[in-house]
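Next come two complexes, and both contain chain A; in the first it sits with chain B, in the second with chain C.
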Partner chain A sequence: MNTKKYFINALTYLVLILFTLIALYPIINVFTISIRPGDKLLSTSLAIIPDNWTLRQYAELFVKRPFMLWIMNSAIISATVTLTGVALASTAGYALSRFQFVGKQSSMLALLTTQMFPATMLLLPMYIMLIKLHLINSYLGIIIIYSATALPFCVWQMKGYYDTIPYSLEESARIDGCNKWQAFYKIILPLATPALVITALFSFMTAWSEYIVAAQILQDTSLYTLPIGLKSFESNLSTEWGLYAAASLIVSVPVVVLFVVLSKWLVSGLTLGSVKG
Partner chain B sequence: MAEVILRNVFKTYEGGNTAVKDVNIHIQDKEFVVLVGPSGCGKSTTLRMIAGLEEISSGELLIDGKVVNEVSPKDRDIAMVFQNYALYPHMSVYENMAFGLKLRKFPKDEIDARVKEAAKILDLEQYLERKPKALSGGQRQRVAVGRAIVRKPKVFLFDEPLSNLDAKLRVQMRTEISRLHHQLEATMVYVTHDQVEAMTMGDRIVVMKDGIVQQIDTPLNLYNFPGNKFVAGFIGSPSMNFISGTLVKEGTLQFISENKTLTIQIPAAIEAKLQNSTGKKVWMGVRPEDFHQVQIEEGKKFEAKLEVVEPMGNEIYLYFPVDGVQFTARIPSREKPNPGSVKELYIDTTKLHFFDAETETALL
Partner chain C sequence: MKKIPILLALLFTAFFFFGCGKKDKADEIVIWHNMRPEETARLQKQLDAFMKINPGIKVLQLFKETEEMRSGFIVAAIAGQGPDLVYGPSDQVGPFVEIGIVKKLDEIFPPDYLKHFNKQALIYTNGHLWQIADKLGNHLTLVYNKKLVPVPPSTDEELIEIGKKLTIDKDGDGKIDQYGIVWNYTEPYFFVPFLTGHNGWVIDSNRHPTLNTPEMIAGLKFMRDLRDKYKIIPREADYNLADALFKEGRAGMMINGDWSWSSYGAAGIDYAIAPLPKITSTGKFCAPMISPKGYSINNKVQGEKLANVKKLIEYLNTPEQQLETALLTKTFPTREEAYNDPKLIADPILRNSKAQIELGIPLPIVTEMRAIWDAMRPPYQAVLGGSMTAENAAKQMQAEAEKKIAELREDISNPIEGIIIQVVLLAVVLVSIFMVRKSIVQFIRNLRKDSFAYIFAMPALLIMFAVIIYPFCYNIILSFSNMSLSHINNWTVIGFAQYIQVFKEPLFYQIFLKTIIWTVVNLFFHVTLGVFLALLLNKNLPGTPIFRTLLILPWAVPQYIVALTWRGMFNYEYGAINLVLNYLHLPAVAWLKSPTEAFISVIITNIWLGFPFMMIIALGALQSIPAELYEAADIDGAKWYHKLTQITIPLIKPVMVPAITLGVIWTFNNLNIVWLVSNAGEPSDQTHILVSFVYKAAFNLYRYGYAAAFSVVLFLILLLFGTTFLRKTKATESVY
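The block that comes next holds the complex of A and B.
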């Protein structure tokens, strides 16, 4: 019995280690490339820290390239999309979860329908709309498009989470002295933190790593976001893989940090103990 | 003073489904009124209308002499304890209890004093810093009660507060709530489907069925003088036995069961009241404890062929057919008769109940 348990444990760890390696390999590879000296970029060496390693690529990014500008642009756009996503999805989801109104079902279906088309397919109509609104080449234009892309999913998942929170909590709050708005933001919103975190992460990721839409709408180099900026390292004749690798690593840092910081809020069972389950 | 008056109150949902029909209840100041009835009888809806959580479709609701139909729950000065406790899970026990007072901008010292006083009454002092998830069911329910009493509201509303607790805890909390009622001298409205809770706690009981109030009376009056067949069957456990038959005048007034296997001489004391129903179909009701093992005055002897025998410790329930209907008798537990045996029993005919077969209203 014990041998069998031991064997299963060993096998579990083996599989986990294997998948961890598969997940880590590209990151390690990118890291290695980012610190290789320029003449050894295409080396087949497996050393993680190459001989004559250098931080020249990182320095060049910040000193010679408008990398800081791209980070700023991406940060402004992503933060705005995240805030918009959280503010609108939390309230719209609540309305869809709690209130009965004309057009509730059809509006939910309409939201779902937008998720059925790939972003590339929506690119042309969105582009035309932005031209008519004179929003091409502007923060506002890209923010509207990213928010519109992220919101349907966020609204649905917020609604789904609110549905699991018992009505009696709000009713209790309203008897305790809250009006409807207070019951929402003092009681229900804190309980919906896990869903809010997912909404925030999803909205952020939608904006932070998006390339195709940004490449069409932001043509002014001063408005470039990180993904378009990175792509500019690529040309017909040669690609600056060292810079590309260094930039990719830096770009992924905020995402990793965000996930680590927010993951503690992603716990289920926050409403545990409120009502008899 | 905190009277609660419901005047011709109706609740009709969209789609025409009427949950509460023409309810009239006058709840006195400091009174403990229990709304009781089977599932879907409208008792919770009525309570929620008093709380302001459901709109009143028509009729008037007065709290403390003022019509409050359009007043929001927070301004009605009521507190409510929910069946599922509805504690705020992200707040500690202290914060849960203080929440209502904070919203009403009470000074900090007073909030602290009131919460501590409530915690003392409810024996929650050592749990004040805990979150609800770290409490047992009984403790959570006490926090929910505490959250209500710190507010010192005009009216307390309870919506089946004990139905999620186990049997032992339920009895304990039942007495605690009754004790609180005496201690706080507050008006309380309590909803339950459990007639034992209703009987033991209420100053008066409102029995409801299908959204209609069947009878409002004190527990003992409901038990002894049920207004109709439904109330007679609902109040009392095991419930009243019913048998249909006809009242026939053959010299004296007699009840003859449908299949004519049981004939009962109506005692002179109640004969006059039943005169008008002579020749009519009626329901006769017998409470399980009105069967006796020994000859009594005005006792109707008959032989019961026992089908099931349930010893309860202090008493025994006997199940046997009478005229094709299963009857239950409750007798003191001295010896346990065997199922299948025949036992002589005497029905106390002075304690019989009669109901009109059509309207089901009481004839006595």
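The block that comes next holds the complex of A and C.
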């Protein structure tokens, strides 16, 4: 029995290592581009550390380009969208999971339909609308749009997770004297932390990596977000690949950090068993 | 937790704080441009100097990628917004003029001023001046590595001779290590010199394409022979590969434009440039297209601001400024005084560049060129791919170009059907209101009873509908309209014409099938890989957190560069994937050359990009399963697959189904990856899904009404899927 277990564990590691390598290889390529001299996207050599490698690109990002400004701007927008996403999705998901009310079925389907139009087609009317509301060149406009983009998935996802939590928990809470609101935030919300983590990550990523809407709405360089900044290294046929690659890697660092921090709650959230005792 | 309302209140205060939009100020000029980095640096210096002389005026310059500048400017200018000045290649002027979003410059600048400019720099069309160029060029020339090519070829025969000498397999492994000449030959723009060298051209003075000609056939054959008969160019070369080969000294010559030269010096190549060679059989030089680059003024600019804008243009275009720019950026000035300056001729790069410019042919600025490029690309690539003869390709190019021009110029009007449609739409709205009236009454009646649920659900729902409802209705109306190049500002509702066109499109059904395959295959792998890896990670073996973090990286890194990296990995000769296949003694695959393989490449890339997301969702979903259930199953002696099918899958379903549903919708409409990996549908527009097809065939040709109808069809397909899938999986109902 024990040898079998060892064998399975070894196999697990083997598979994980294999997939990690596949996941990493293209990203290692990006790293190679970032330290390769001469702004080459491709190379005929497969060496991971290229000849004459240099960290000049990384230095240039912080010294010569307003990279810190872009990071700050993106951080403000993404943090606000994340908070909005978590606050609104955790509540709306709960209502959709637990209560019967008129318009519930149709709102759930309507949530999905908001994602069904190709984004490029919505750009022009969205832009016209924001002009009429004087929301061009402002973070308010972009935060509203990003929240609206992230929410459908977040709401559905929260709703799905609440669905897996038995009703009996709230019933016993109500018997113990909790009101509806207390039953929600004292009993159910803590149980749903894994879903909250996913909601937070997804909302953050939506705002952190979005380019098309940002480029149309934010015209003032002092408002630029990371994706717009990144795009400015790219010109038609003479992209600054080294800078682009270096910036791309740095851009992903906050996402990874956020994931590492949040994954504590993603994988070791309170289990139902522990609550039921 | 009482903090949440306070937090929300704070948030909304923050909204209003950020929300002060800016008004259009007369002393603040915004320029959009597509200059390369060293030109941008130069422009910024000029602007700083200008602002010093004119302390009241503030000038902002913003870089935009060419395509994006064009579409972004159109969108913004239609809405009466956008930059005051737009700087770019002369061919972008064509659509701007037709849409009516740029000013007539001959009414602003007197002839006395304009006469100092080179004729090629003043972009006239329809009898008016629309753009003043400050740089000539954007032209291709022959770039050569002096170490390998001491004397550049002046004829095609010399080119082939030198090329053959340089194309060698140094280490005798059967693979070519150095090529005679490389360039981005899959792109028709880079083929034009060989067409002009054979005495051909793309369009006549009546804006009619001239692609089905003996000259075109000769040019295509010459191109194919370079690769297949003389074998002096690589089997596959796009822009980035050609660039890498030349920068690594693995190619003696290169064809590239003035934007690229300085980067070769920076990469340590001792390079020089020369005019492209002469074709012996015709006695004509291979002539590249020359496109001036310059400024146009947004139509909205008025009064005091216009005076400021004029002052700025004049400042940037003094002979002294132009000359300095030219010397710094190796571009060519347009002021007559600067054009003939001895300092320019003293520079060998600029001298040869000038020689090439004088041999070149101006790029036609008519909007039709867009249709011509799109029509040339697929047959041209098919000739190179060996699936079409040069004769058939020329014929097909011509036919496609004529068809696309007709589409570009389409002018549908049908006032009667238009009115009928408007009445029908109104009726539909009224009937739907009538049908849901009971629900509305019930809603109001229950508002108090269910207030808790509504308070919880409403904020999220309202914010989404506020954002989506206007664009949604706008698109529906647009889909019944004739909005196209001829009717950008004055479109009317015309009925079902655009829908009929969508369903009459012969490619629609074929691409629809491809889109389904694309979606199903992607989702299948995203979900199975995601759940599988999540199950492995959920065993919590030592070291799991490291794997977990590394495995989400494909999701965290910006897609653009990884997608292009994947494209590089699929390269036939140098890509990592073929090298691995080679190592395993498997035959190499021409991934990006043939339609099926190219499609598989795009799918592989997207699977790689998408599995981490599903993995995270599955990881979260697995936490909701109480360990007791597995313990109970163990006591009952259940096998692993029983546990998987009886416990795991049913319990992660409520979380996975929404993710899968949305995954399908996103994948179905995922434009980026197809676009980047297949380079906008290559080879020969065979690698498309519906959304990339509509983008290329309609949106790019300004057929907004048609594109809207197409999108509505996509929407309806997804709606049908969504409702069926949710009903089948009962995802809207609770499990308990």
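By our rule, the second predicted complex is superposed on the first by the 231 of 277 C-alpha atoms of A that agree within 3 Å, B and C clash if a C-alpha of one lies under 4 Å from a C-alpha of the other, contacts with A are read in each partner's own complex, and residues count from 1 in each chain.
Heads up, the rule we're going with is that a residue touches a chain if its C-beta (ideal position, glycine included) is under 8 Å from a C-beta of that chain, and two chains touch if they have at least 3 such contacts.
All figures in this text were calculated on a predicted structure; none of them were measured in a lab.
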Check the residue A:187 against both partner chains and state whether it touches chain B (first), chain C (second), both, or neither.
first
If we overlay the two complexes on their shared chain A, which of chain B and chain C does A:110 touch? Say first, second, both or neither.
second
For A:175, select first, second, both or neither according to whether it touches chain B, chain C, the two together, or no partner.
first
I'd like to know which partner A:59 touches here: chain B for first, chain C for second, both or neither.
neither
Which partner, chain B or chain C, touches more chain A residues
C
Which partner does A:166 contact after superposing on A: first (chain B), second (chain C), both, neither?
both
Counting only touches as set out at the top, which of chain B and chain C does A:10 meet: first, second, both, neither?
neither
Where chain A meets both chain C and chain B, residue numbers:
166, 271-273, 276
Could you please specify the touching residues of chain A with respect to chain B in the complex?
166, 168-169, 171-179, 182, 187, 190-191, 270-276
List of chain B residues in touch with chain A within their complex:
51-53, 72-74, 78-80, 82-90, 99-100, 103-104, 131-135, 137, 140, 147, 151, 164
